[in-house]
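For reference, chains read A, B and C in written order, and residue numbers begin at 1 within each chain.
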Amino acid sequence: MKPGLEESALLTALMAEYAMAIDDNRLEDWVELFDEACEYKVVTRENVEQGLPNVLMWCDNKNMLRDRVESYREVNLYNLHYDRHVLGPLRFLAKEGSTCTFEASYSLFQTELEGASRLFSVGKYRIEALIENGAARLKSVTVIADTGLVPSLLATPI
Amino acid sequence: MKPGLEESALLTALMAEYAMAIDDNRLEDWVELFDEACEYKVVTRENVEQGLPNVLMWCDNKNMLRDRVESYREVNLYNLHYDRHVLGPLRFLAKEGSTCTFEASYSLFQTELEGASRLFSVGKYRIEALIENGAARLKSVTVIADTGLVPSLLATPI
Amino acid sequence: MKPGLEESALLTALMAEYAMAIDDNRLEDWVELFDEACEYKVVTRENVEQGLPNVLMWCDNKNMLRDRVESYREVNLYNLHYDRHVLGPLRFLAKEGSTCTFEASYSLFQTELEGASRLFSVGKYRIEALIENGAARLKSVTVIADTGLVPSLLATPI
């Protein structure tokens, strides 16, 4: 079963807010898009295809996301770069009960404070979201990055 | 209040046409997407965040947009590059009366006539649009560019 | 006449699957999005604007697409790069009977197996799709690439 028009619009809006919250440096708003029982992880496509267990970032509940954002705020008094996500259309995979599974491709650009922009990462999201009472929230977000990423570069989420 | 499904589709179509009109070099069609009483401006994110008043391009009514496109046509007998916008999904902020406010991220690529493409600018649009009689038109477009931009490079709108 | 909300959603989903099928290296699934009587071609914008007949890739029925994917599978035992498409919103042009015509801009990135990503091509699709019995399939796909492309680089479709 696939989500209907209203649900598709809710999920597209959820992802628009996901991307813009990170890009606006509203990371606390980004955390609030998740359910308390949630998972967020970043893996590389190479590791997925080779069956390797390496994970570049992994939070398995909302408090870990809160902690991560809080640490980031303490360490980074100033914004060191700007992020900019451009997401493609959602590919809906399934709807089971109130849970929808979908994917979306992303391009992520970073701009240094001097003003130069560059491609930072491309890949896709694989997402499980809950829709209840006309609102959607994130249960599971897996970022599968085509681009090889060094964990230390991941100051902000993707 | 947020726009409904029909309105969201109208606004997404408006932005698809906005981007494609520029990329197709149909700048006169691009102007026609605006209301007579309109505003179009390009600013950098750095200036916005520092509260600086610098504006890279500013037209505060439709005739100024018409003039600008006309001048461009006189100066540029040949197309010097191709533009290509790829926009992300719309983030709807509010609907008050017939006015909808939303944002969308963009990536803008330029291709030289020799065929090489490069990233030219990333950032977001902040937009106010009017919906009347089943049609949408632009009241206010603010381009907030993450990328530092030299005004002289802005031959075509973003 | 323009497509309605349900049809627009079907066509957006078709393009999301189009892009993800290529990027996931599910080229056989990509072929299945086409009608038996179909056309797929890749041209450069420069050639289109100069009225030149050069075509970089051309298949004028589904069996040619099948053959092409089969040959690709025989030659490429290993995946030599990852593709990643990020598509913009659809610009709907017309609906005549069960045929919808629309355009969409694309950015296409490639990632080498060592993990470095780069911009490979930008441009737009011009598409005719059939909607019958609640399902959409591709009748005609023309890729108009802004980026100059060498035919030998086109191992996978765009």
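Keep in mind that, in the parts below, contacts are C-beta pairs under 8 Å (C-beta built on N, C-alpha and C of every residue); 3 or more make two chains touch, one makes a residue touch a chain.
Because the structure is a prediction, the values reported are computed rather than measured.
Shared numbers divided by all numbers used gives the overlap of an interface; between chain B and chain C this overlap falls below half, so the copies present different residues. With rounding to the nearest 5, the Cα superposition of chain A on chain B corresponds to a rotation angle of 120 degrees. One inter-chain figure worth recording: chain B and chain C are separated by 26 Å, centre to centre, where each centre is the mean of the chain's CA atoms. Shared interface positions of chain A, defined as residues touching 2 or more other chains, are 5, 86-87, 89, 107, 119. By the touch criterion stated above, chain A contacts chain C in their complex at residues 5, 8, 44-46, 86-92, 103-107, 119, 121-124, 146-149. Taken in their complex, chain C has these residues touching chain A: 5-6, 9, 12-13, 15-17, 19-20, 23, 82, 84-87, 89, 107, 109, 111, 113-119.
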